[in-house]
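You will see subunit A twice below: alongside subunit B first, and alongside subunit C after that.
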Partner chain A sequence: MSTSSTSAMAPESQGRIRSDVSTVKGLRRVADNFYVRRVAKALFTVWVVSTIIFFLIRLLPGNPIEQYIARLIETQGMDYENARMQAAALFAIDLDAPLWKQYLDYLLNLLRGNLGVSITSPGTTVTSIIARFLPWTIFSVGIGLILSFTVGILLGLMMAYRREGLLDHILTIFASVVSSIPNYLIGILLVVWLGVQWKVLPIAQMRGTLSPGVTPSFTFAFLYDALFHAFLPIVTYVLTTVGTWMLSMKGSTIGTLGEDFVTVARARGLKDWRITTAYVGRNAALPLFTQLTIAIGFVVGGSFLIETIFQYQGIGYVLSGAIAARDYPVMQGVFLIITMSVIFANLLADFLYGWLDPRIKVG
Partner chain B sequence: MDIIRGPLRWLGTTLKLMTYNKAGFIGFLVTLAILLMALVGPFFVPLDTKTKLDKIYQPPSTEHWFGTDHQGRDIFSQIVHGGKDVIYVAAVAAFLSTFIAVTFGTLSAFAGGAVDSVIMGFTDIILTIPQFPLLAVLAAFIKLDNLTLLGVFLGLLSWPALLRAVRSQALSLKERDFVEAARALDLGAGHIIFRELVPNMMTYIVISFTLAMTAAVYTQVGLVLLGLVPVSSSNWGVMISLAWTQGAIFFRDAMWRIMMPILAIAVFQLSVITMTRSLELAFNPRLRTMA
Partner chain C sequence: MTKGKLDWQMDEHQNGKAPLSLQNVHVSYATRRGKVQAVRNVTLDLHAGESLALIGESGSGKTTLGLAIVRLLPETAQISPGVILYRRDGREVDILKLDRNEMREFRWRDCAMVFQAALNAFNPVLKIWAQAWDTAKAHGWHDKEAVRRRLVELLEFVQLDPKRVIDAYPHELSGGMRQRVLLALSLLLNPQVLILDEPTTALDIITQRTIIKLLRKLKEDQGFTMIFISHDLAIAAELADRVATMYAGRIVELGASEDIFYRPRHPYTLGLIRAVPTVTGGFEQLFSIPGSPPDLIDLPSGCKFHPRCAFATDRCKLEEPELEEVGPGHTAACWHWRAVEEELQRNPLHRGVLSVLQAISFNAEEEAVS
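Now for the complex of A and B:
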């Protein structure tokens, strides 16, 4: 996997063209820059995804706009012209313009942050819905992933150092079991066992993102309440991803321990702790960052079932509600935002990777 | 005689190689048991559909091995009948996604250049789009009421990670000595791919297939839970979905009704994933010549 990511970055311009014009050289340097390339790729992906969504909404037979028009005529007795106008307003699309113009308008609207208006709660813009619910998902998924990545790496390192011991066996079994059970089933299991059978947690009170009366502020009480409500989603994210990190880190560490530079570091008489952290740990954790980019997509993507199970009102909860109610503008906007946050998270992981492993920037 | 003896010996060696990893072999046996139960079981265990009001939510007993549900129906019979559809959809999806991944992954590795760049660029884009929300949104547009169609849909979207893995595998194999030798002997592309490369990638292909199956189980049950796939028949996912939407997960006595389908899916996933350790041994051509 790591070979593919490095070879994808191999610059096409190996042959150095001797140019007297320094601006061309400068431009080339900018284009070859690792960060510029990554940002360009991310923007390109965003463009592809929004284009796919546009054609799904606009061109598919029985597409949501046609369906919505038909529904308005049927239920509210509107004539075709009025229904069409209302649909156009909701989706922020001019239905009479030629298709290329509609597409251009759609892209411009996206750039301006205009994603249309919700069907089920008229008057609420999709952008405002996203602004209200997205922070909670970033909060819970972010904490969950960082926690599980850190814990997984530490445990994996420990397992590699004590391999074939009792602790290693127990942790390996634990890791294989939790990482193979679908995350939403773990979520349901948490509700069934912690909430209903053993009654350890007040699951009914833990629903939502905040208790009534608590407003966002920089106080301890607010933070406590936010964590109280996010507790179960975070536990689910940690439980379902930590196993993969543990097992990958264990394998990767065992591989690194056999490397020459570790032997040399030992021969040089470096302290064990320094060898473990700076030599073994850092090198062993590197390949895991490429996996992190895949994991982010998977967790954010799967979060909407988790949020629905715990009634945690993040963006995923909104998406599953919108899908159930066939609220297409909200669906389209939220899906776009989820995809964009995954792309952005990937970009961040790439930058982090470039910073941790200077080799890949040179390409 | 040789026609029978040959495959028998092959099977014997395979089984022997598989026992080298104990956990993997147990996973293999459990997977086999679940497959048998799901595919053959329905012919022996009739599906209990009769409502029996005096037998609601009974704990497991000799009469009802897994207890009874909210209508007093036997849960065991539902579990036996509920695996078929889940496994069928998963197999269709895994077959398609492995096929795409292996074909285009090797093509990408061997063609190189522009073909490689285009395939990998496309793969990277599909890989970054979160699959599950995309499927959920698509399912809202397109009616996925046919099991095969659902499987095809899942397969069409789940190949990118496998393709990248197959490509890097093929890239490293391409440079090996035996491939160089075959090329020097001018044995032709067909021979190189099917006699030299594919046997060496078989481990990878088989493991990819089983892992793709577990991924497809994950997505399809998730879609069922969201109520996006109108599957009417009894199915592990539908059982959980019904228990969830009817609020049974908040009801103490309903425990067996929720736990059994969850357990069925969890055990299936776990055993298939564990089985890959043994498959790794069984399909490794180097181990086979040693045994």
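Now for the complex of A and C:
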């Protein structure tokens, strides 16, 4: 817009233009908002992931729909048409429609929470399977991560304060060893040692997510039982991740201790406890929140093996069953839900980080 | 304007005794190569209401001495031997004998130290108010309203808009603003002694001027007791009542500001003054002290300045001079201070140097008046 044309306009139209400009500015402010940006990013990622899953299942050679059709024809003697219809129903997809229409239907189904029906247990929707098993994974992985993050940060802080001391040396060795053992190995070792050799834990009774007869309720007995069954997976998650937190926190704390503001806080005569928590601890833990977002992905992904080892019926257990039985709709749904929960956890960690570090919102 | 508004601590209870006395203070750092003797045999009285400038080249031990007074040296440092006496309201304590909690209470309430390059002086995740409140609480001041009022007054005193600053995070303030906030915060508990380590380094000229003006007000209107560390002689000339020159961890000359700048008696002080670049003078007048500061692990024998000193004789290589009286209230540690005096009569300080130092003081006075 040239300035001459603007100045030639009638006053009222100028006013309208100004208000338009302020709406645009307002929109931009919303778009620049930290939380809005992060939510938009998360939604975008969910869309990208579901699109990738859609095309993977359909376009790759030997795609599961074709395979499923072939299997139906082979094992149940169905003709091609019937087999195709059944496959389409299972995947909640119209196979005759053009690809873009299939894709749109798929997205709309996703929005409605329709993920198709399981092959191995006909009549059960994938959504209901996820709704039944996912909470257990969130429960065990969540507690495991929170525990290991908290314990790791406290130990790391302690190690930095006592660095080069005996405690620091012992804990550093422990952390390095523990964080280099793969998660499934830790799981197996726990079963073998605690359950089979030393018999300190009733491994067989700990299988599953709840003991027979116990139903979800807000009672202490229920919580106790849930924790009893989740105990080994939680211990495994803690053991596999706590070493990394300890070492990161130790390094980060040593760096923070050298910062000017810590010396100034001492010069201001603050009490040691206040300096350790609000000045050193909080700043040292900040960069770890970025790592937390990565860890969530790893642990959820790792739950696949851990839940199988401990026979813990979470989403990872369902996934391994689905893979063994080639139950594609379930696999597709579980993959989707795992990636979505990782994205959601990242979002949560981002928000937490933004809340903890005031500098983030500006950047 | 601000005068009388703040209830500054006046030092009536001292009975003429210095609030801070350093006696024979030594500080060394343990390093892989050996002991770094950063401060040696410093004896010094800081009088009530005076501002004392510590000047000297980089590495001469100025910061180390300041940190020793508030005992914030790193763990590798050791203060011994030495006595640091602090007096307030008729009581006298040896700072080096205070226990952990007594020391904590001493800091900021009795003696506040504003650090060199304090751009990173604030906790990035807490608002300015929270950090001021932390400071007050740590010293048993729990009246939130009063603390807030005091902080507002102090922020106005350092010419900041309290509304903007109080609820800001440190990163939302510029470097100069942060330096002024720290200065305001250092006055929060009305300390008896203020140590300022290079309070204007790393700031632009305008901000430097603002801070110097504020310090001048503190000194002249409020009679604050300050130790002022700087290697900028012009600023020292402007703010200090007395000046101490440090070389290789020792105070080698101590006297009234006038005496030090017009009648220096130590060759090192003379060298520092001659090295002040003049605005009017050309390059030919620029002088610099030859050589470089000594290795503090392996100090030269005798007078530590002898390898660089134009006045040095054989005696200087063997015996280290102690501070001796060279005029009223003026001491210097040099065997040949009379030779320096004669040299100054033969070869007076270049008018350019003195005029720079004078011009600065003059300008500052004008600004203070207006």
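Descriptive notes on the structure:
Everything below uses one rule, namely that the second predicted complex is superposed on the first by the 343 of 363 C-alpha atoms of A that agree within 3 Å, B and C clash if a C-alpha of one lies under 4 Å from a C-alpha of the other, contacts with A are read in each partner's own complex, and residues count from 1 in each chain.
As a convention for this text, a contact is a pair of C-beta atoms (placed from the backbone, for glycine too) under 8 Å apart; a residue touches a chain by one contact, two chains touch by 3 or more.
Remember, predicted model here, so these are calculated numbers, not experimental data.
Partners subunit B and subunit C fit side by side in the overlay (superposition on subunit A).
Using the contact criterion defined above for the overlaid structures, shared-chain residue A:263 touches subunit C, although it does not reach subunit B. Of the two partner chains, subunit B is the only one touched by A:304; subunit C is not. Once the two complexes are laid over each other on the shared chain, residue contacts for A:286 go to subunit C alone; subunit B is not touched. After overlaying the two complexes on the shared chain, residue contacts for A:271 are found with subunit C alone; subunit B is out of touch. Contacts of A:191 after superposition on the shared chain: subunit B is touched, whereas subunit C is not. Shared-chain residue A:228: touches no atom of subunit B or subunit C. By the document's definition of touching, of the two partners only subunit C reaches A:359; subunit B does not. In the superposed model, A:103 lies in contact with neither subunit B nor subunit C.
One of subunit B and subunit C touches more residues of subunit A, and that partner is B. Following the chain A superposition, subunit B and subunit C show a smallest Cα-Cα distance of 16 angstrom.
Applying the stated touch rule to the two superposed structures, the subunit B and subunit C interfaces on subunit A have no residue in common. Listed in rising order, the residues of subunit A touching subunit C in the complex are 259-261, 263-272, 274, 278-279, 282-283, 286, 356-359, 362. Across the complex, subunit B is touched by residues 1-4, 7-8, 41, 44-45, 48-49, 56, 60, 62-64, 176-177, 180-182, 184-185, 188-189, 191-192, 195-197, 294, 297-298, 300-302, 304-305, 308-309, 316, 319-320, 323-324, 326, 331-332, 335, 338-339, 342-343, 346 of subunit A.
Those residues of subunit B whose C-beta lies close enough to touch subunit A in the complex are 117, 120, 124-125, 127-134, 136-141, 161, 164-165, 167-168, 171-172, 214, 217-218, 221-222, 225-228, 240, 244, 249-252, 255, 258-259, 262, 265-266, 269-270, 273-274. The residues of subunit C lying in touch with subunit A in their complex are 70, 72, 104-109, 112-113, 115, 117-127, 134-135, 138-139, 169, 171-172, 182, 185.
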